[in-house]
Amino acid sequence: MDIMSLVNKDFIKARLKEGKRIDGRGFDDVRDLEITTGLIGTAEGSALVRLGNTRILVGVKLAVDKPFPDTPDEGILITNAELRPAASPTFEQGPPNPEAIEFARVVDRGIREGQTIDLKKLCIAEGEKVWVVFLDIHVLDYDGNLFDAGNYGAVSALLTAKVPEHEGRESFDMPVLHTPVSCTFAKIDSSLLLDPGLEEEGVADARLTIVFDEEKNLRAMQKGLDGSFKRDEIKELMDRASRKSEEIRKIIDQKVKL
Amino acid sequence: MMDEVIKDFDREKKEMKLIDENGKRIDGRSAEELRPVKMKVGVLNRADGSAYIEWGKNKVVAAVYGPREAQPRHIQNPLKGIVQARYNMVSFSVTDRKRPGPDRRSIEISKIISEALEAAVITESFPRTTIDVSMEVLQADAGTRCAGLTAASLALADAGVPMKDLVVACAAGKVDGQVVLDLLKEEDNYGQADLPVAIMPKSEEVVLLQMDGHLTQEEFDRALSMAIEGCKKLYEMQKEALKMSVGGE
Amino acid sequence: MDIMSLVNKDFIKARLKEGKRIDGRGFDDVRDLEITTGLIGTAEGSALVRLGNTRILVGVKLAVDKPFPDTPDEGILITNAELRPAASPTFEQGPPNPEAIEFARVVDRGIREGQTIDLKKLCIAEGEKVWVVFLDIHVLDYDGNLFDAGNYGAVSALLTAKVPEHEGRESFDMPVLHTPVSCTFAKIDSSLLLDPGLEEEGVADARLTIVFDEEKNLRAMQKGLDGSFKRDEIKELMDRASRKSEEIRKIIDQKVKL
Amino acid sequence: MMDEVIKDFDREKKEMKLIDENGKRIDGRSAEELRPVKMKVGVLNRADGSAYIEWGKNKVVAAVYGPREAQPRHIQNPLKGIVQARYNMVSFSVTDRKRPGPDRRSIEISKIISEALEAAVITESFPRTTIDVSMEVLQADAGTRCAGLTAASLALADAGVPMKDLVVACAAGKVDGQVVLDLLKEEDNYGQADLPVAIMPKSEEVVLLQMDGHLTQEEFDRALSMAIEGCKKLYEMQKEALKMSVGGE
Amino acid sequence: MDIMSLVNKDFIKARLKEGKRIDGRGFDDVRDLEITTGLIGTAEGSALVRLGNTRILVGVKLAVDKPFPDTPDEGILITNAELRPAASPTFEQGPPNPEAIEFARVVDRGIREGQTIDLKKLCIAEGEKVWVVFLDIHVLDYDGNLFDAGNYGAVSALLTAKVPEHEGRESFDMPVLHTPVSCTFAKIDSSLLLDPGLEEEGVADARLTIVFDEEKNLRAMQKGLDGSFKRDEIKELMDRASRKSEEIRKIIDQKVKL
Amino acid sequence: MMDEVIKDFDREKKEMKLIDENGKRIDGRSAEELRPVKMKVGVLNRADGSAYIEWGKNKVVAAVYGPREAQPRHIQNPLKGIVQARYNMVSFSVTDRKRPGPDRRSIEISKIISEALEAAVITESFPRTTIDVSMEVLQADAGTRCAGLTAASLALADAGVPMKDLVVACAAGKVDGQVVLDLLKEEDNYGQADLPVAIMPKSEEVVLLQMDGHLTQEEFDRALSMAIEGCKKLYEMQKEALKMSVGGE
């Protein structure tokens, strides 16, 4: 994201040299994470995520449509993200820009490749009618690390979504197979920081998003920005993500059950 | 375009009793009663000003950025600032998912809300700038333009934008042949008329006024009075919300 | 509309203080109104409206399509307006801008809410096939007050339109129930002027459009511009519109019958 | 894109007799006869220049704005003005309603008409400017590009734009195996070739030329001569229309 | 095309006064023409054309769709051209501009009016299913005279295309009736030059494209640019095109058979 | 958007044996073997730099223009140049014709390729400019982003753009439960994971990394090593191709 760094780049880097993040967090500390589900009555599932001051609302809508010819017995997942001008002075009105598209596709990849939804159970009549799951991510307040907030919101919204009653078939819970959890790191000089805030993102050299499922299998990755990672950095982040994703999954599970 | 037309057709009169023998509406309100309304100012971190409103089942958040230099330059007005309001319904805010992006309905609403806010904002104070006002409808249940405009004017106040007065909006309409205040979705769909009104409450000057449906002149007078009374009640809540934001958080 | 006022704003206002409009009209005088119907042979209905020097061509085209699911026994009305660059130095090439969209929607609202067309009679086979009425408004020459000219053209084109022969069903006249008539006023300082011309629009503070049907029922309203109306001004305009709309309806009826 | 293809396919040869045993065409014309044409200059109020043409069942209005400063600036040519022609078919001008907005056909026609007009306009006289020429086809019956271009050059003259000469356009074609002048819709749809031509009449230089269909070289020569003769007749009408506009209104 | 002339306009014109083209060609000389077919395995037909340094890749793709209502027993031809930024510093990213649209339509006109494809043979089930032929022209390297290169590529790709096997009906060769060949001339002052190169195009006053079939019938023409042609110039070009198109057809036939 | 989803769904596991009992893949390769690759530099006339790559059945051409002044001006960076990569699949490069123009997939790939190239290009050397890199996929068979990026870096070198190092890309993945190098189309469609990687070969720093599918951490380590080894082999071919272009043509 093309953000003016809000605090001085040198200041952030100087603090990092001392091993400190500007908000006092440890390198592996996630900001306060709050998740509230079911706020939107018009959606079949919804989750409001607050990750620090980043706030994202995810809605799940279902509609009936024809299946794709090559998967006649499976539902369809469509993910979209809107970086609306309300959320940041740098977001502009208009169709999704490359940033919004990458964001939507990285969240989608985690959800899809993580087999979050059991798409077979969303078949109504093979080759004829299946459920389409629209996963819409609406950014309300942008304070850094959309990718993780989007993932947590998507998983939470799906975990609490209901497939509506249809032609006599009763409503049922969204069939969820796995809960893939995303961990995004920013690289600033040689520091690798989990859950970068807005100011950290503004000065980051590179970004790595790693998605693990609950069986510690890797499901999706995305490197971003014009910096690079050394191999041992990737290895280190893999270990850290593997550990942290379990912690975060517990938070999600807890919030979603409340 | 078809989508909008579909919605317009929803208005078609269906057989549905919306007011019972005791004069109670389907949610138990009397004719002149507002739905429950909650307002909160300063709800967003990045925006220069913001507000959130829950109005019946409507949930709308408004954000203000600016005054800031208008871009591209050729839209700048050397004599005054421009208010650019954008009303947007989130895709999952309605029963049938709405395709993201502006449609003809939201473009019209954005235009008349911009004009209503410009009536109140002292735009002469900041030439060459733009004030960007976003209204995001998170959940919709009829009356979203009034909810959005009411929240937008709070967000402007929260951003410290100089205004002659707040702007507050409320609709009246006709349901089962009766003039009533603040239509909810079923009343809007199966009623006979809708009249959204916005005023600057101190002077009671009308800055937004639309009507569609079927009203006699007498019914219109009654509906306009009722909507303005509704606006005044909402204005008290606006002032309360602003007070809370200064005192509170 | 973002128009350069062609004559001096002060001049217009000074005249109005003396109770005079720059073209000598009374405050409730409509400019010369000419309506010619049936000029366009390729349309199922058409009307050329000349209101002062504003000229608008309205065409009605019919096509067969599926009805909307919630109104399976009704035809469909779709209204579109084109502010083409030929009509004004300020109109630009491109898709309809907010001005054109508001214009089309206000005309549409008057026609639709005024129940101009008996849409039930445009059902061919319930749930299967209905007539779609495309009401296309093409501005030829823009000299102020498009809203009223558009309304007069739309009503006139519909009143003279034919539903074409279809699969053995004979052609018949467009089923018209009501003739809603629009009156638009501009507010300049404290003057309220019917049928504002281009120069008057250019200096107007506020605009109010009021649509009455032939039973003196209000069918549609639209306030515009960044000024405001006092309550007694609205009441006054309501009375004036109620009276003037009857006069204008007579002119339309007369022109359309010629 | 499909729409255009449909139209192109209309050309397909169908069984239909277009010229009778007496050499008369379906509207009674002989092979070398133009449809009835009426032209009028100065028909619009706002435009700097305008003209209206009725040509058979075609009805086209042309409007000119400029020369005026070209915007955005980077399109300005420091050595000469630009002619920007826009050919547009109104949605109700054809039997099956046309979606508003430019399609590939109208973009191509706009380009070649711009080029044809630039050949005549003395663009060196007003560098950095644009001359905007709109042609609105209100009713169409084959030959609209010729009608539009003929009206556009009248509108330029009406606007006082300096030109070497007027531009005038007319088509010839082949129908039932015969070369004929000025095809009407059925002849265009079921004929074998269409050859729209535009010239500057004083020099007879060709500024627009297109052909599609099937012509021998000899037929082409005949068709080109016929089209140019048609142009000359239309040129007389153009001069008459301009005279009327000066003397008349 | 809006190209900066790469060599001096005066220089080109001065040489032409001496009867010489800047690359030494005669006025009726076509640049080296190489055609390679079948390079693209994912296409049902393809041709890479090199005309001087202009390089164009044409692909033919087939798909099954409904026929148009007025030609229920005929296949459908759709031609598209992409002037991609890779091919020239003056080509920009985005939807086809007027230059690209004219290019596609002129190539299409030659192929369509030249009855290159026997569309009747592309009917699968009358009124139900026909083959759609997508003719996609991709410009790789732009060094002038796209129109002719596009035509040669389109003809070559179609001549070597296969209609794929479909529901038991065996694959067969694209049914080709005629081979229309395009000759494009540039007019610079009074010189008329076949196959203009990039520099010649940059200073040309007018352009004329003439398409002849193998029976010496004229199939399509297009005049371009803001200059004009005298009648005897047109007559002269007609003769030259008639002669040269035969020569070029032989080259195409030869290349395509290899 | 549906189009992309269809492609994503192609990945669905189908019954198909992709590795035989001898460990041979459907095109006869072993697990760690690259498809045949050919590279050629300087293949286009107009571009400032260009390269062509054939990689299995993939055929991709890359063209570079610039550094040249960035337009419009407001995108200029006063401190460094911008690399704008555009990855494009030609309509006939895939089995089912692709609609021309960018889709969401190609926009994402263009973004990450731009970032990968910016890591290598010494952008500080030419502030306010843009370097435009086009990758045109003429024929596609899985791995086109790696082929495109590998060719793009050759085209940059051919254009003389100063770089810290070349960039070279190669994917590894999981097929029939086995980690293998350089997936072809059927392996990509019916395999379990894909891991495209790009490095600057001298430092082995990773500038592009994506993964989708299903890998244990151990499999990931193996796949990453394998992909980097593949990159190194390709790097030798890149150097050879650059040598040929200097020596050769």
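Just so it is clear, A, B, C, D, E and F label the chains in written order, and each chain counts residues from 1 on its own.
The rule is short, and it goes like this: a contact is a pair of C-beta atoms (placed from the backbone, for glycine too) under 8 Å apart; a residue touches a chain by one contact, two chains touch by 3 or more.
For clarity, every value in this text was computed on a predicted model and none was experimentally measured.
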Where the contacts of chain C and chain D overlap, which chains show up?
none
Given chain A and chain F, the chains that contact each of them:
none
With contacts defined as at the top, give the pair, E-F or B-C, that has more of them.
B-C
Relative to chain A, chain with the most remote C-alpha centre
D
If you average the CA coordinates per chain, which chain's centre is most distant from that of chain C?
F
Averaging only over C-alpha atoms, locate the centres of chain D and chain F and give their separation in whole Å.
50
Could you please state the distance in Å, as a whole number, between where the Cα atoms of chain A are centred and where those of chain E are centred?
49
Could you tell me the distance, in whole angstrom, between the mean C-alpha positions of chain A and chain D?
57
Which residues does chain C have that touch at least 2 chains other than itself?
80
Where chain D touches two or more other chains at once, the residues are none
Which of line, ring, star, complete and other names the graph you get from chains that touch?
ring
Listed round the ring from chain C, going first to chain D, the chains are C, D, E, F, A, B
Which bits of chain F are touching chain E when the two form their complex?
44-47, 50, 57, 59, 61-63, 65, 68, 86, 88, 90-97, 100-101, 132, 134, 136, 138-140
In the complex formed with chain B, which residues of chain C make contact?
68, 70-71, 74, 76-78, 80, 96, 98-99, 101-102, 104-105, 109, 112-113, 208, 216-231, 234-235, 238-239, 242
So in the complex, the part of chain F that touches chain A is made up of which residues?
1-2, 5-6, 8-10, 12, 104-105, 107-108, 110-112, 114-116, 118-119, 195, 200, 203-217, 219-221, 224, 228
In the complex with chain F, residue positions of chain E that touch it
39-43, 46, 53, 55, 57, 59-61, 63, 80, 82, 84-89, 93, 95, 134, 136, 138, 140-143
